[in-house]
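Next come the structures, one after another.
Next come two complexes, and both contain chain A; in the first it sits with chain B, in the second with chain C.
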Partner chain A sequence: MSKTNLTRRGVLQTGAVAGAGLALPTYLSAASHSGFTNAPGDSSVTLGFNVPQSGPYADEGADELRAYELAVEHLNGEGDGGMLPTFSSKALEGAGILGRKVEYVTGDTQTKSDAARASAKSMIEKDGAIMITGGSSSGVAVAVQALCQEAGVIFMAGLTHSNDTTGKDKKANGFRHFFNSYMSGAALAPILADNYGTDRKAYHLTADYNWGYTTEEAVRSSTEAMGWETVGQVLTPLTQTDFSSYITPVLQSDADVLVLNHYGGNMVNSLTNAVQFGLRDRVVNGKNFEIVVPLYSRLMARGAGANVKGIFGSTNWHWSLQDEGSKAFVKSFGTKYGFPPSQAAHTCYVQTLLYADAVQRAGSFAPCAVAEALEGFEFDGLGNGPTLYRAEDHQCFKDVLVVKGKENPTSEFDLLEIVEVTPVSQVTYAPDHPQFAGGSLGTCNNGA
Partner chain B sequence: MFGLQKQDAKLLLIVIGLTMLAPFILNPFPESSGWAQFNAGYPDLMQRFVIFGIFAIGFNILFGLTGYLSFGHAAFLGIGSYAAMWMFKLFGMNVLPALGLSVVMSGLFAVLIGYVSLRRSGIYFSILTLAFAMMSYALAYSVLATDMDGPDKQGLLQKGLTGGETGLQLTLSDPRILGQQATDDGNLPVPSFFGLEMRSATELSVGDWVFTFSVGYYFSAVVMLIAFYLSIRIFRSPFGMMLRAIKSNQQRLNYTGLNPKPYTLAAFVISGMYAGLAGGLMASMDPLAGPERMFWTASGEVVLMTILGGAGTLIGPVLGAGAIKYMENILSKINSDILHTWFAFLPDGLEDFVVAIIYPFIGKGWHLTLGLIFMAVVIFLPGGIVEGGRRIGSMFKGRAKKTDAASGGKTVAPGQDPAE
Partner chain C sequence: MDWFILQLLNGLDKGSAYALIALGLTLIFGTLGVVNFAHGALFMIGAFCAVTLSRLLSLSHQVVDETRTDFLGNPLKVDVPYAYDIFGETMGAAIIDWAVPLSILFAIPVMILIGVVMERGLIKHFYKRPHADQILVTFGLAIVLQEVIKYYYGANPIPTPAPSAFTGSFDFGAILGFEPGSIIYPYWRIIYFGFAAVIIGAVFAFLQFTTFGMVVRAGMADRETVGLLGINIDKRFTIMFGLAAAVAGLAGVMYTPINSPNYHMGMDFLVLSFVVVVVGGMGSLPGAVLAGFLLGILESFASMREVIDIIPGINQVIIYLVAIIILLTRPRGLMGRKGVMED
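Take a look at the complex of A and B:
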């Protein structure tokens, strides 16, 4: 039963205990030690690989993890060295990073911002990770990047294509090697004009989240600049699996191009639906109806099967590239796992090498020193030709591949063919471009 | 003491002791040993323990006492988080006003949702709350996430009220009229309690052990203790008695001329405010609010926590929250490489076999383990962990005890009359 009578003694006792409880944290907020967060010991250094192991992008995550394991092997001087010999910077010698053996911890982002941050936090607080990398979605990349900025560790983004990662939401401790929506639009537009003409009416189906918005914006502004007209734009929920109800209105409009701003399973389903509805056999305004997929990946092409034949899109990297770096990477990945790497694997592998190299050149693990070594860094031999890590927004600038679904694939991995390698000059933009404006890097944070 | 019965006071003191000494208790293994994998004494996880403890305590006030199973409680968690974030964005980084607004906002939403949902009971009530929660999720995910400033302006509502999939984050351009916009070195300020930064922590090395004392954890722990104390008072009050009466037989209550509606609504609002407080604390520990925390799986999680620990008991929900969060954060991080190092002493073939057997239950398969444990608890221990503890206790004492200090109350099996 309850006892509600207040006594003087009771109140005093309660007050004293509560006061002691409140005062306790004050005692414990002692001075933080000098240096930087998670300074590694003399023998080993821990990296945190935070990838989606469950959820819609689990396939990409698994491939990313393979690439990370390969990169760690190569950094520690095991295996065949992969891209280390072709990398233009020769600071890395296969003896770990600054003489310390590279170790790693893994976590599952579940492609959710909350889960990804929890996993990254435990890597930083529990496992002492000095750098966090990975992810296969822009929402996660932005959330984890912000966390790394606060905690004072470096974030090397994995697969993230939204403009915001190095635009509105850019951070001084975050770096992106992958290309972005703007670059996709700028690279695709001329190819689309050459193949489909400049007098087209486009209809956009866009995944209802951050990446979808920036991709639609980028593709629209590039195609409208060369004369296309946008006649419809519809947002589709990320969890949608059946797109029939979204395809029917396309049939009723006078659009003659459908742009699918979808990724992963979304794209596989929407493209399959579109083909089933006979969109590709249609003739509108005297022209053949066409479909465009701004961001392609091999894993998606495999999911969509024969439906991708002849469809244009862009990609960051493809294993069929014939430069020395790509060949070396495909060879060592293929030897270890028995199939060629995806673009997600490539960007994660390269990011790990770039981080290790920056630490080696800076001579320190301190995030600010590493950031300084990465800013404005020009390199080559990592599969994308000459590349610049721009200091203003921490975005890599390199050639972009325009690809098309292959008509006669020879294997389940040989699904895309490279149509054109768009030179870097064509996809470069000013740091204050309207699609990227609004954020600021802040200053680099070494943490405690 | 504290106006409590002796046994409840004892329970409260035990909980105070456990939470204050958590950094030691949760870090039993030395850093260099292979068992360090199982240490849970790092700030982020300890904060989660107490925050989800608050969430579950609040949920238990509704579910444990009145028997109304809300399947949409995560909505209040999310509302609390967003409210706290907007306080950080508009006014400053002190956590007190943020927590205040979290509780108020979630309370308001609870009045609204509760008023509608409580017109039905049983499964219909559950479905209604679920529908409201998913509606809130959809609103946060896309409707309220669209740019409200117009594409050419870079204002405060650039990403809408909720920030959509990326979540609501602090930016350097937020006004923060009562605090600083950015720290001296140009970074985002950190949530603090009158200057005491939630993120700061101090480490104590004793031999091979490293204990971390984080301000954020102790702040959350004190809030949880207050929440726990209030819940004891509610359980023992005439109001709590009334709620139990509603659970045991609402019809009989109607016939005696009592209207149960105001009582259930009050319980719903109180438990919604607890959830909002937990959400506000989450945002205070890690300033980001994402829509996923309103998803129905998050609502389901708190139901699991409460039942796993023991619905209707005082300490049960806290134990359940701890168990689930421990599995989520520790079990899920064990990958196959770590397993191989554990079983390296076995001959090769056997090692692979053992790893292949265990692997589906850990790492990303931790949900499977959770599911099995949950089934086992529901079938063999309907009263949850608390009942398990009591059975073990009585085994040692040789006879069943009438009351149990560790549970602070009788465990009530579903359908059983919970009268004292």
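Take a look at the complex of A and C:
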């Protein structure tokens, strides 16, 4: 049997030495980084563009990357300047950010949360990215946002529409320019009432994941508030490709509207199947049967082809908008790439400019200083009219577009027409709205 | 009753695709003893044969329309297919409209060639390797093929519609004495089911009533003895691989109007098709067809809201649940032969 000589004083002394030893590298590291993660040098600053370069949303990711490259070009004073001249804030002068040339690294999210976190982590730790932006999925956005919060860098979300991104999963270091499910419902409901009446019976097919749930909840509450009745709701697996067995029960119900809470390949397939089954030619309860797609994307509309004709949905932005900012962006993007930008490209371009502008106004790259500059920031000239980055949840509040599949498109890009620009007042909600309940921003993290 | 008929039709329709893919899978397994995880990719390549022919037929030159402008405000360049110039507008439009059925003729030689090259170039080197090696190499091949397709065609689904004559729905309700409009089913899905039945029948007839088929069946039963009789069974098995690839490819061609093809569609069917093969019995052709339709019908009924309300999530697991029950009660599957995958 061995005898141990542990004493209270001995343990305290050992602990103090070990603690000091462990703390020393952190202290030295923090000092060398000016108090925040990945402080840039005097000549350049690195941004991390984390987009799906493989997987089902690779085309959307490619469009995001084009927009980021364009934004970097404009920030560095190259090209035609894009939206810089139309942006209401005049802090940016095309001389980089705070005099540093903007450089970038890219990562592939694969539209998988773990892969997206790994690529973001690599860009932060290996490449020294001071800000992460991009993505085409709410699952990815929530995962990367949490990582950026822990790492102490700013996250400027790309395409993410779930309420949760700025609801229960919001973070102090994360910011979203894109609209959300609640806004889609609030914008769509009055248009649906005007066109289809207030006495309707809706059947929801909903993708079985976070975005699907929040979108269904938002559209249901908005349409029920104006008199619609929800007569059916079915969750469909995310991997489902043939929706026929989910469509046929709709034929058997007394529903006269089908709401497809689907995105991407799910939307393309469910809409195609619904049209194949003649739903749009049916008359139920004395009314023409209608289909609604709450979130439209031009890239997805291309996949569904002629099936989108006449179908209502909502979108964050569209290239046919005629404000000066949109026109400048479409001209710049179209001249460089030969086709108009998607809404994903637009939101990513705008997010990059907004980040750069916030750094410029704050006079610092420190995440907490940037966050402070973004919170409550009001701006215009970036394509959506007067916009507010609300301090309480880091969500942008701006006009929302209600669109409809075009009957006679002139090209493969000309698939949607704007039905109404819904004013921001109609889509604004209280920060503690039940659909956004739970979670808190927490405190900003500078990292280091 | 009308709901039952509708779900049954859905099940038969789903089962058609499962059966066609599983038929080729089990044919390859039965002849060559290879577990081919690249078979779903062959289904996907078949679909992209339709996309390719559709694009070839729609090849266009641009004509400037001064009366309209593009998104940058420049005069609009309108695409005019060469088919219009060659055959006249009406005939040219009809040819483009019929691109999917015409793709059958295009896909047969292409798929047989791909199948033969795949077998001779890669898979034959793995005949005597463990099944795990075969699965790894064919799965890797499937990923390579889908990435190649994605590189050239992009990641988004590509609409490839049926001829306009078949885009509507057929009213079964009016014929069967139900209320008109209560049982409607898309024409193309009915065609798909009929097409699958013809292909399945043709494969069985080929194996049953031709000398080639007889030798192949003999080879499946006892490869060594057939070889000792001086028959080059390897050559015939290579041709069978090409045939199985063509069956999967044709299933893909005809599937394109049902769902817009994308690079990932093969993977979506692959796992289910393997379950179908295992449930039907490894190497059993009738078993694959029977299990394909059985699981298609079960999946269809399990997707009904009334069923999901009672057992939430059953639509996502029904196939695997049934597979477990069948394999527990009949370890060789519905029609599996003794000795197959039991060494």
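Methods note: the second predicted complex is superposed on the first by the 414 of 448 C-alpha atoms of A that agree within 3 Å, B and C clash if a C-alpha of one lies under 4 Å from a C-alpha of the other, contacts with A are read in each partner's own complex, and residues count from 1 in each chain.
Here, a contact is a pair of C-beta atoms (placed from the backbone, for glycine too) under 8 Å apart; a residue touches a chain by one contact, two chains touch by 3 or more.
Please read all numbers here as calculations on a predicted model, not as lab measurements.
Colleague: Quick check for you: in the superposed arrangement, does A:P237 touch first (chain B), second (chain C), both or neither?
Modeller: Touch partners of A:P237: chain B and chain C.
Colleague: For A:A306, decide between first (touching chain B), second (touching chain C), both and neither.
Modeller: Only chain C; A:A306 stays clear of chain B.
Colleague: Name the contact category of A:A430: first (chain B only), second (chain C only), both, or neither.
Modeller: It touches nothing on chain B or chain C.
Colleague: Contacts for A:S245 in the overlay, against chain B (first) and chain C (second): which applies, first, second, both or neither?
Modeller: second
Colleague: After lining up the shared chain so the two structures overlap, which partner does A:K112 touch, if you call chain B first and chain C second: first, second, both or neither?
Modeller: first
Colleague: With both complexes overlaid on chain A, does A:S122 touch chain B (first), chain C (second), both or neither?
Modeller: First partner only.
Colleague: What is the contact status of A:P340 with respect to chain B (first) and chain C (second): first, second, both, or neither?
Modeller: The second partner, chain C, only.
Colleague: Mind sorting out which residues of chain A both chain B and chain C touch, each in its own complex?
Modeller: Touching chain B and chain C on chain A: residues 54, 208, 235, 237.
Colleague: Show me the residue ranges of chain A that touch chain C in the complex, using the header's touch definition.
Modeller: 54-59, 208, 232-237, 239, 241-242, 244-246, 248-249, 251-252, 265, 268-269, 272-273, 276-278, 281-282, 299-300, 302-307, 319-320, 330-331, 334-335, 339-340, 410-411, 413-414
Colleague: If we count contacts the way the header does, which residues on chain A are in touch with chain B in the complex?
Modeller: Those in contact with chain B are residues 1-6, 10, 13-14, 17-18, 21-22, 24-26, 28-33, 53-54, 105-108, 112-115, 117-119, 121-122, 125-126, 138-139, 142-143, 146-147, 149-151, 164, 168-169, 208-210, 235, 237-238, 434, 437-440, 442-443, 445, 448.
Colleague: Mind pulling up the chain B residues that touch chain A in the complex?
Modeller: Touch list, chain B to chain A: 1-5, 16, 20, 39, 42-45, 48, 141-142, 152, 154, 158, 164-167, 169, 171-172, 182, 185-188, 190, 193, 196-197, 199-203, 212-213, 215, 218-219, 222, 225-226, 233, 236-238, 240, 286-288, 290, 292-293, 329, 332-333, 335, 363-364, 420.
Colleague: Going by the contact rule at the top, pick out the chain C residues touching chain A in the complex.
Modeller: It is residues 2-3, 6-7, 10-11, 13-14, 17, 68, 70-72, 76, 147, 150, 154-159, 161, 167-169, 181-182, 184-186, 188-189, 258-260, 262, 264-265, 268-269, 299-301, 303-306, 308, 315-316 of chain C that touch chain A.
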